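Once you scroll down, you'll see the structures, which are given as structure tokens.
There are two complexes below, and they share chain A, which is joined by chain B in the first and by chain C in the second.
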Partner chain A sequence: MEITDIKQWYISNFELFEESLNGSRETPFHEVRRSAISKFSELGFPTPRHEEWKYTNVAPMLEHKFKLPTEVAKVPKEVLRDFTFDTLKENLVVFVNGLFSEELSNIALNSDDIIVSSLRNAMVNHADLVYKHLGRYVSFEDESFTALNTAFTNDGTFIFVTDNKVIEDPIHLIYISDGDTELVSHLRNLFIVGKNSQVKIIESFHSLSDTTYFNNLVTEVFVDECAIIDHIKLQEESINAFHISNSQVQQERQSVYRTVNIDLGGGLVRNNLNVLLNDEHCESHLFGFFLGQGTQHIDNHTFIDHAKPHCFSNELYKGILDDKARGVFNGKIIVRPDAQKTNALQSNKTLLLTDDASINAKPQLEIFADDVKCTHGATIGQLDDEAMFYLRARGIGEEMAGAMLRHAFISDVLENIKIEEVRERMDAHIIERFTKALKS
Partner chain B sequence: MLKVKGLKVAVEGNEILKGIDLEVNKGEVHAIMGPNGSGKSTLANVLAGREEYEVLAGEVLYNGQNLLDMKPEERAREGLFLAFQYPVEIPGVSMSNFLKTALNELRDHHGQEKLDAMEFFALMREKLKLVNMDEKLLSRSINEGFSGGEKKRNEIFQMALLEPKLAILDETDSGLDIDALKIVSKGVNQLRSQDNAIIIVTHYQRLLNYIVPDFVHVLVDGKIVKSGDKGLALKLDEQGYDWVKDNVSEPVAA
Partner chain C sequence: MSTEQETIEQFTKSEYKWGFTTDIEEEFAPKGLTEDTVRLISGKKNEPEWLLEWRLKAFRHWQTMTEPKWPNVKYPAIDYQDAYYYAAPKKKKELKSLDEVDPAIRETFDKLGISLNEQKRLSGVAVDAIIDSVSVATTFKDELSKHGIIFGSFSEAVQNHPDLVKKYLGSVVPYTDNFYATLNSAVFSDGSFCYIPKGVRCPMELSTYFRINAANTGQFERTLIIAEEGAYVSYLEGCTAPMRDENQLHAAVVELIAHKDAQIKYSTVQNWYPGDENGKGGIYNFVTKRGICSGDNAKISWTQVETGSAITWKYPSVILKGDNSIGEFYSVAVTNNYQQADTGTKMIHLGKNTRSTIISKGISAGHGQNSYRGLVKVAKNADNARNFSQCDSLLIGDKCGAHTFPYLEVHNKSAKIEHEATTTKVGEDQIFYCNQRGIDTENAVSLIVNGYCKEVFKELPMEFAVEAQKLLAISLEGSVG
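Here is the complex of A and B:
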């Protein structure tokens, strides 16, 4: 299919989508949707000629005419058991094929101070609050997937925490894909955390079938003064999933944003994670791990914008690529002229287990201030033969030794998942993947 | 227990071992001595199964099995243990996870039940005492940040834990101070019994004051040029290796 045709497909879907909107069409935000679709029409889908998409070709995705979901698919409640954490008192916000499922969700929090809601409901019940923030942090000017998401924004998760609140129980957003229709969802998340408040957010992505689908997410996060957010993202979708995610985090004075991003699934995955350090003494910790097997393609683009002085950012992304899997890491850091005393650390390490696996790693530092500390490094390697021999010489089988070494390689990423149950689950899933790969 | 016949081994195309014959029986302690570059470590590593060594000729029988056909882990499970000359650091793998896995693989191989956590830690504590090491060792990553002496003691600790039938100590004494040397020797002597054997690869005679060998072999330029009892080690210590080397250069009459 020609790219122009598929672009037209999305645009014509927008017209159908508009008709389905009813009341939401009358809000000022609808004008934003309209300008977003015209921006998308102007930009089109990125090609490898586009600098930011040099190593990730979305062409395979453009061969599918994904449909918008129309009704919430029935999924038995029991499936949640595999995705939730028994010992945590989680607030569950569940989506099935991109639509909020009231039935599967379980939200204990909700007051005037704390709102955890589907975006669709929040646009009605908390309209002023939502429209004050929605679309304010992320730009779709040169990002066609964000433009597309903005045009189709209708559901997602809205989290609002007023000032001085500590929410101990995590909020868990679960995204489930199921059924045999090739669907697209443009989920839109908005997390607003007030001054001196704290919240833990887990997002997890799962597939129940192996149908091809497309998740096109946009998440806006606002971390007000002295607020702390722990944000964990676990992507375990099927290898037939296309997963594109754009996140924009804005941090205010002395705030802390900590995130761990784990990609185990997806056939074609692209994460853009942008953090703006908008005032002094902010701290950002970005951790990532990606595991590629078969022909998976996993691309992580991060961008940390040190706009103000005295901020600290620390970034560690690790990847293990097997078979013919491909990875991309692009870590951009800008230190603006004003941002003196910036301390920025970045590291990216990848293990290539076969000759056919590949990684394109690119640290990209642009420093315009003169009194800063910035370090970056990218390494690409293989499993250490000496370490392998050492373990085997103690009677540990080759498979197990390999799994232990790969697990060791990512331990400094995983240890940053501060919720023990979540970390243990991830550990188990990753080890299972390591050993499964060896058996097949 | 171990029969090495006419073993020739090359590393990256260079022939290092040029025909080794060696027989080690149950209950014996053999010392293999020799100058640097004589092939001592190559012999130790090829017996343990390191893959980058190319066996050109010869055979090695271990309890009647063809050792060279076995994977390193199979050799270990059958009771062969190499104390590494340079134990490798493995960040991210804790000593306890490592040892539990190794011990359980070994037990599994011999049809024994896995140890539960209590039994495992009781055993650890007992063996740690033997090498004067602290329990904190167990939560550390393998050899990471260990001093040279700690690394060597860690090797002996693992040996004590795995109770091998044939232990090969590859220059375990080099770089050890006298206190650590005594600790290491004590660990080795405890293992020594009528049922197992030990091969000590060393450059110096000092360790042999503490672990008295039954046989001493001198390896020069890839060949065992002289074998004897512990007296040979003392002579080497006094006179160096030159006198044996000189003997080698003369053609040996058949």
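Here is the complex of A and C:
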């Protein structure tokens, strides 16, 4: 299939999508949708000739004509059991194939101060609030997937916390993909956290079968003064899924944004995580772990923009690549001319387990201020022979010893998941994946 | 604070000390670049047919290429038709001894502190002096030829050793390689050629002093160094250029070939005119340097001290093809005023048990922009490859920038790759410590910066290390942390 054909496919789908919109068509945001689709038609899909897409070729994705889902698929409630956490049964927002499922969700929080809702509903019920923020933080000027998402923006999660509220219970967003048709979902999330407020958000992506589908996600996060967000993203998509995620975080004075991103699934995964430190004394902590097996391709791009002085950022990404998996890490840090007293740390470590696995790492610093402390480090290697020998000398089998060492390798990422049950679950999942790899 | 600003001002105003032109009659090819220019250059040099063909192939390929835009540097567009592509001192004749060298040229070298006579007698360094692209004098040739070493200008090598030139020219940097290498392949005027036969350890450091002399002349040097099995050579390249208002383009190509067990050490001190304090003028230094360790246990080591040029854009690279081969890259790059540097290295690991080390020290001051861009690639069959990279940046003043763009591409599980980068400024406490001990701020900065660069300087041959330290001190005169 020609690339221009597939581009045309998405553009012609937009016309169908427009017709299905009804009321939402009359809002000013619809103009944004229109300009986004024309931007997309101008940009087209990225090729490896784009510097940002040098190591990730989206060509396999362009072989499919993904369709927009028409109605919320029926999924029995029991399947949720595998994806939910016992301690977090409240505040559950569930999407099936990119559409909000009222039936499966359970939203306890809802008042004028705290809104947890599907974006589709929020666009009707809290229109002023939504349109005040939607599309304000993320730019689609040079990112065609964001443009595509913006054009098709219709559903996703909207979380709003007003000033001075601390929400103890985490909000859990579950995205389930199912069905045998090749579907695309352009999920759009918008998280707005007011001054001095705190919230914990967990997002998890699952699939019920090995189907091929395309999740094109855009998340906008606004962290107002002195607010704190803990944001955990667990991605366990189907092995045939395409997962493209663009997140834009904007932090105001003294705010804190902590995130842990875990990628275990997906055939072709690309995460763009951009953080703008828009005022002084902000703190960002970015942690990530990716496990690639089979022919998975997992690409993590992070971009921390130190626009103002006295900010701190800390980044640690670790990866394990097995079989024929390919990994990409691109960590960009820019320190703008006036961002003095910036402290930025970045570290990226990758284990390669086979000769067919590969990693392309590019830690990138661009510094325009002199009174700064910036470091980055990247290592690529294999399990330490001496550590292996130590364990084996104590009677631990080779397979077990390897699993133990790998587990130890990722522990300094996992320990940043502060919700115990989530951490333990992820730990168990990853160990299971290690041992599964050993058996095959 | 005010003293800080004063010293920064002082520092940014320190002028290029070696700006002067020598008045020698020059012979120019007409301005502009056409096939005729290429033919003219080739004809002037009395080149064989195959070389002219090679040049023309390169020229035709160059016409299909566009200037690359990816480097992190900014400059006005270059009009390639508005430059001279050939300039040679006119009174060229066979020189029997040094006395026949034009006195004006001799004077130039004296001003630079490179007296050919002195060096011939005292330092034991053979100098292949290049003024505007044509080799004028070559020393120690007799001594070298006793060992079977061929060392001289590229044009001579084309006349005397066409087989060697034909075999190796373009074997590391093909004429299709990149925009500037292709341009060079079409119009290269002269350069150095060095051939070390099997098992010979070159008894002295080989050195060439490049010098851009005529205004508006692009310099297109071509250097080719071949070390046969078990050979060793240390080659030094040093550059100073006179003050000019118009930007001058320098697009050289250097190719190194190290066969089995051979070792090549290539050192550069580059101090071309960086432009004035407002960023006017200065040299554009767009160079392609690449070496190949084609045999087992070969070693190539690049050391560079880059203090000059308005724009420096070069990536001395090593292709580690032979098993157990070693590549090294040591670099100090200083950008001051409006200088820009985008430099680094590429280490391509192809053979087994290959090792590479990258130490890069960038110093930015004034409005200088300094980028490290490097690639470490481990191919699928390159078992047990090992790389260590360290790129440190030092910032002086708040208008400058330091950037790192390391690329790590690893396709083999046994590879061990480490990359580290830090960015800091000269610490106030360090300066205070020196001040306390009676060292003024200017000297303290020089001391600290020299210490910071020591890891690289110690890789330079003795004479160069001294020169490099002096250069650094001049470049950073009056600087402050």
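The criterion applied here is as follows: the second predicted complex is superposed on the first by the 438 of 440 C-alpha atoms of A that agree within 3 Å, B and C clash if a C-alpha of one lies under 4 Å from a C-alpha of the other, contacts with A are read in each partner's own complex, and residues count from 1 in each chain.
To be clear about the criterion, a contact is a pair of C-beta atoms (placed from the backbone, for glycine too) under 8 Å apart; a residue touches a chain by one contact, two chains touch by 3 or more.
Please read all numbers here as calculations on a predicted model, not as lab measurements.
*Asks:* When the two structures are laid over each other on chain A, do chain B and chain C clash or fit?
*Replies:* fit
*Asks:* Please state, to the nearest 10 degrees, the angle that the Cα centres of chain B and chain C subtend at the Cα centre of chain A after superposition.
*Replies:* Apex at chain A; the opening toward chain B and chain C is 70 degrees.
*Asks:* In the superposed arrangement, does A:Ala369 touch chain B (first), chain C (second), both or neither?
*Replies:* second
*Asks:* Examine A:Ile359 and indicate which partner it touches, taking first as chain B and second as chain C; both and neither are also allowed.
*Replies:* A:Ile359: touches chain C, not chain B.
*Asks:* Using the superposition described at the top, determine whether chain B or chain C touches more residues of chain A.
*Replies:* C
*Asks:* Would you sort A:Gly397 into first (chain B), second (chain C), both or neither based on which partner it touches?
*Replies:* first
*Asks:* Thinking of the overlay built on chain A, is A:His407 touched by chain B (first), by chain C (second), by both, or by neither?
*Replies:* In the superposed model, A:His407 contacts chain B only, not chain C.
*Asks:* Where does A:Phe389 make contact in the superposed view: on chain B (first), on chain C (second), on both, or on neither?
*Replies:* Once the two structures are laid over each other on A, A:Phe389 reaches chain B alone.
*Asks:* On the A-aligned overlay, A:Thr379 touches which partner chain: chain B = first, chain C = second, or both, or neither?
*Replies:* second
*Asks:* Minimum C-alpha distance between chain B and chain C after superposition, to be given in whole Å.
*Replies:* 14
*Asks:* So in the complex, the part of chain C that touches chain A is made up of which residues?
*Replies:* Where chain C meets chain A, its residues are 70, 380, 393, 395-425.
*Asks:* Give the list of chain B residues in touch with chain A in this complex.
*Replies:* 48-52, 71-73, 75-77, 81-82, 84, 87-88, 90-93, 97-98, 101-102, 105-106, 109, 141-142, 158, 162
*Asks:* Which residues, counting only chain A, touch chain B once they are in their complex?
*Replies:* These residues of chain A touch chain B: 384-387, 389-398, 400-401, 404-405, 407-412.
*Asks:* Can you name the residues of chain A that touch chain C in the complex?
*Replies:* Listed in rising order, the residues of chain A that touch chain C are 51, 55, 337, 340, 350, 352-382.
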